[in-house]
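Here come two complexes built around chain A, the first alongside chain B, the second alongside chain C.
So, the complex of A and B:
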């Protein structure tokens, strides 16, 4: 924020002097530092009235070498400049600022959050009876999308040849029936009942009367009950929201099923994505290029639909516009739309300052999600390093 | 404050204050009300109802007698024809039919045609008249939701009980289990009518000269000339010796201008008619402006299912009578003929066959049409409705003409300006607009007597000179000249008042053509018309209080019509002053539009903001009235979006965007054979190498609903006897297992799709064989190559799915 430039300095005027002097000896050329307009180009995206300009980052380390400025990324420098500021933290939502980071990294976090963080979601639905009008596969699809409040780190992935056991599968049961002659019934997600002992449905290949002494084989093979685990003993596994409508039943209709949730990632199917969405935007920067006073100030304040500008009294009945809430700016460019106004107001974005928002679906709190995402990126980097060495 | 009141009082426009108040009333509510009473396929239903109630009676009455030529005292006479309830005779028991039952068991939804027959029977050598009631002469396919349909007047709950969708519009037939809709056929019928003027004599001179050259001076000579070889030898089919000139006379009487009646050899009306026609023709030669426009919608008539069906029925009925008469001549026993009629099943089979193929071949009327019926498009509800309002031209589509394809100004409000296909049928195939109604025939007689009562002078009483006096107007009803009237406005206003009061039919049109000095009254069927609000001196008759009553449900659209607030105008009468909005009305305005968007058809009226689109986009959109339409956000992505391709987000597809369910029907029939044997269904193998393919079979040997069916799965484990022919001398015995060979049916779906058995239905078909139907459902998610579109004619295929 402090880096906002005031106005273009007139550096070039001195070049018109008659005596020949080397450019480097000129007193007002800053040594080892970029000229202010170049610095602006390096760190900002300009939001011109027609289209954003200067959208590409200057990544080449020697881009400013002729000016004696080093543009390479140094770890030390990154560590000193990088900042994270949490703006808002709620149960399912987190907004924080990531300052001093390359957009490629910010985007990497976003993509990991969406597609590579594991959660538990219903993958297999065993339908014992479904006389409702909703088709089996549609019902299964709806069940799959219900977020389950359980820490996926306590479970293992189930690969193709694995048998479902207490370490990789969570079993739910749903049995809803609408009595004949009663009102239409809504089946909500809270009717999904957790079965800590695994499936209760007997395997179809099992003949019912063969081994009356031994326990008949079911669709899962749990060796112990899940509720013996300390994490679940006082905290039974259930859907995150209790009021998601799964189906509606007419009189006489019935649904009886078992749903098996497994661990997976968003890349395979969006139902495993732990975030409703994760997104970022660059910090908007609104600069008044000259003093906007009195009536003009009023017009400017009125132009903005999100009230970025305020009007302050500067005495003697005079008023001046100030940029009060640049963060609220949606970059709608309404303020510079009118002819000539782009000479008064500059709308820019800071290209290494990201306002990052994470909306969790509820399996894990958003702050945990982000640290998990960092861990995954770390793992990936280590893998690259080991591959290379 | 005081300043303002001052300026106001000074600036008062007295004239403005005295003018009638035009409060713009929101008339939007009228449209749903209109659609509630009319529905979108009313034209089909009305047409069919007219056929069933009136037309069929006329046909039977016109051909009601079969008399033996050998003994003319023996006869057979039909009376009181009626259509019964939809039913079928099954093992001698009459069973009522419902449309859903017909769809499921591949039956024809038809009702018996009953007639009462009077005939001469001979009892102990004495002839006497006997009557037999309710003789079935055939079975008529019934249009759904028509007055003969079981669904007529049923409420939502009753419809649900019959397995019918309450939103289904009806207006189609069910023939052999498939839904067949008949389109509308547009007919070109330039209604040419009607003089003498000194300047025409010059044009007539050459014809008169020619007559003199040919030495034709008297009427008799003229008739002989017509019969001579110089004229076409079309008279050859008259048999027997006839007086010279009589043939020509009969042609002139019966065939030339058959719509003008001739009473007791009084040809005067016909003469006047021909004279008026010639005058028109000459006017057209002298002045091109008086030419009739053949593309003018007012000159066109629409043929609906009832009319087309009545032609077919008339032909079949006449054929049956002709065949009966042949039998009659061989054996003069009316009772036997009655037996023949009862056994006659050509009417039933031909009606069914013609409806299911859509090939109309009626030789008697020289009719050879193909594609009269279509299978109802059930891809989407709107597509179905769009299909029902389609109008096809009668002549071939290959004609490279632009005139009939161009948008006609007279189409306004009647036919949709957007909805037409691209390609060869462009502009020829049209669609009805939202509020258009197609008329059915109406009895002319009350209108004729009313006209004479209102002071129309009969043509018979007028001299030829009086015919063309400029001070009087010719009154024409349905192409028939009734006479002349002195006061044009008084006559027209009186007729309109009668119509608004409901004394004559609401669809009768009274059209004043000042140029031709004619008043055309039309009550014939097939005209297109639409409702408009009546305005008195530019002030709408509909006031806010009427709309309030409508909203409160006190009155409906019909009561508006009855109260004379709204009337139907056909294309000709539409040549009055119609204001689009109340605020635009001037004192001359006679009518005000109900809502501007009603100029569009069913498909076009569903486009959001169509007036912001380039015009062809709306046309493209109308053609895509099928399938699911989706609204999408647009973003470009490398090369996967060129040529209108769409890039899709995998997550949205995961979450269920664009899922669709495809249903397919598979049928298995347990055939019975001559050898008193039949196919059998056997228990599935639970062990062995084929058990895997049979795992979806239940213990009742048929695939169970809800089972996932894969490629090569057996859905019915059927066996057929090896010998199916009957060997004489053998008695029906139970065959051993070895006498059967497997004839199981396997599912041939594509690999990788998840198909599920949705429903299984068992019924017996028309040959009393057990027929099992499987509905197989397949849920599909969008993939590359699937077509998507917005609601603005912007279609494209999915180019890639982005992770």
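So, the complex of A and C:
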């Protein structure tokens, strides 16, 4: 069916110059190879002036069986075609190209990055004193959103019946007071002080007088100090950014609290998401369908707001438009908006080429986040396999 | 996880709990690449239940085995992605001489 409709459109393109050819004289459909227009449809999304078309992927292995083309992807084939190119790698940001992969997998990685990779975030806040104008619950919420620079792989999840111990909880203390008669005070995230020995607040049920000899029970039960661990001994746990404003105190106001951070995932609450965001876009492809010269070239270059096109001299005072920076294309389709221009320029996207960007909040470097995300997808598969057998 | 198949092993619906589009769509892709699969699709019966149903129909092989193979395939692909990615990052780092970025893993 696809072929029939395509030959129709071919005829329309050639316009008046149709010469009648007997069906029997037409060449055979080549076997074992996709026709060029089908190959284009298989590998590209077209960005027409009104809307993107051909956005669906052909997944079914037998889709091109009638042409003798096997559409199944063997692992060998995947391995030979798959490529990764790092474009930019900074402390908290990573941009790379993933080539030769299906959108379903690229999207799985993105979803896992956002919602299923664990980090540590403040979950419980014990407020000893808060005379500031910011309410307890709002303050607790603000504290929860502060990214903490610590490797979550060193901690365990705390389930409902667990007691907070050194393996699943990080305790911070915050005590800020604005003296009477002084200026307003800003409480910043660097005032969250890590307590490697756990909570210092004595449990409310404990009567202070009774056990004077034994250590009074607190809100956590640490069996050892966290700073004896080699990972933390030279590298104290602290918020990733020191300059996040938590609250502002007026003269005479005071905040005294303890914040308990636990491990969690972004699905439960966005504060546990390890990425500010993670996204991808398909590689834009801009093709000039005919030579665009002189004045037309100038108009085309001016149309594009991100300067995808350049103008080159081809001698004899003639100029020609070229596609210089297709990667910059935002697919605004400004170049094909005017009547007739879609015959000159084709804007497409490459189906299996993803420009992937990860912005880490700082708990883990972005490249580690990506490998962890892939590992989580593997674990999911493994779970299905064990449950099947 | 359960599956609804009776005498005919070649058709089955697999119900995965605590999963969503992340795994189901990736598995659908992997299943569709298998020439033994005649039909495959997934649905999330209710958005507030953490559950997906994956339907697999094959040319004759037990659907369970085909799904198992697809999972294996997906794992191989993931492993390869991880490998390629790690190679690319280490290559990039050596080229750029980002020795200041101390990454332990």
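Basically, the second predicted complex is superposed on the first by the 358 of 389 C-alpha atoms of A that agree within 3 Å, B and C clash if a C-alpha of one lies under 4 Å from a C-alpha of the other, contacts with A are read in each partner's own complex, and residues count from 1 in each chain.
As a working rule, contacts are C-beta pairs under 8 Å (C-beta built on N, C-alpha and C of every residue); 3 or more make two chains touch, one makes a residue touch a chain.
Computed from a predicted model, the values in this text were never measured in an experiment.
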{"item": "First, second, both or neither for A:270, with chain B first and chain C second", "value": "first"}
{"item": "Which superposed partner A:250 touches (first chain B, second chain C, both, neither)", "value": "neither"}
{"item": "Touching partner for A:73 - first (chain B), second (chain C), both, neither", "value": "second"}
{"item": "Which superposed partner A:141 touches (first chain B, second chain C, both, neither)", "value": "first"}
{"item": "Per-residue touch tally on chain A - higher for chain B or for chain C", "value": "C"}
{"item": "Which of chain B and chain C A:216 touches, first, second, both or neither", "value": "neither"}
{"item": "Touched partner set for A:52, first chain B, second chain C, both or neither", "value": "neither"}
{"item": "First, second, both or neither for A:377, with chain B first and chain C second", "value": "second"}
{"item": "Which superposed partner A:130 touches (first chain B, second chain C, both, neither)", "value": "first"}
{"item": "Intersection of chain A interface sets (partners chain B, chain C)", "value": "115"}
{"item": "Residue ranges of chain C in contact with chain A within the complex", "value": "1, 14, 16, 19-23, 25-29, 32-35, 37, 64, 67-68, 71-82, 84-89, 91-93, 96, 98, 101, 103, 105"}
{"item": "Residue ranges of chain A in contact with chain B within the complex", "value": "114-115, 127, 130, 135-138, 141, 145, 266-267, 269-271, 273"}
{"item": "Residue ranges of chain A in contact with chain C within the complex", "value": "59-62, 70-73, 75, 78-79, 82-86, 89, 91, 96, 98, 101-102, 104-105, 107-108, 111-112, 115-116, 365, 367-368, 370-371, 374-375, 377-378, 380-382, 384-385, 387-389"}
{"item": "Of chain B, residues touching chain A in the complex", "value": "650-652, 654-656, 659, 661, 706, 754, 756, 758, 777, 779, 803"}
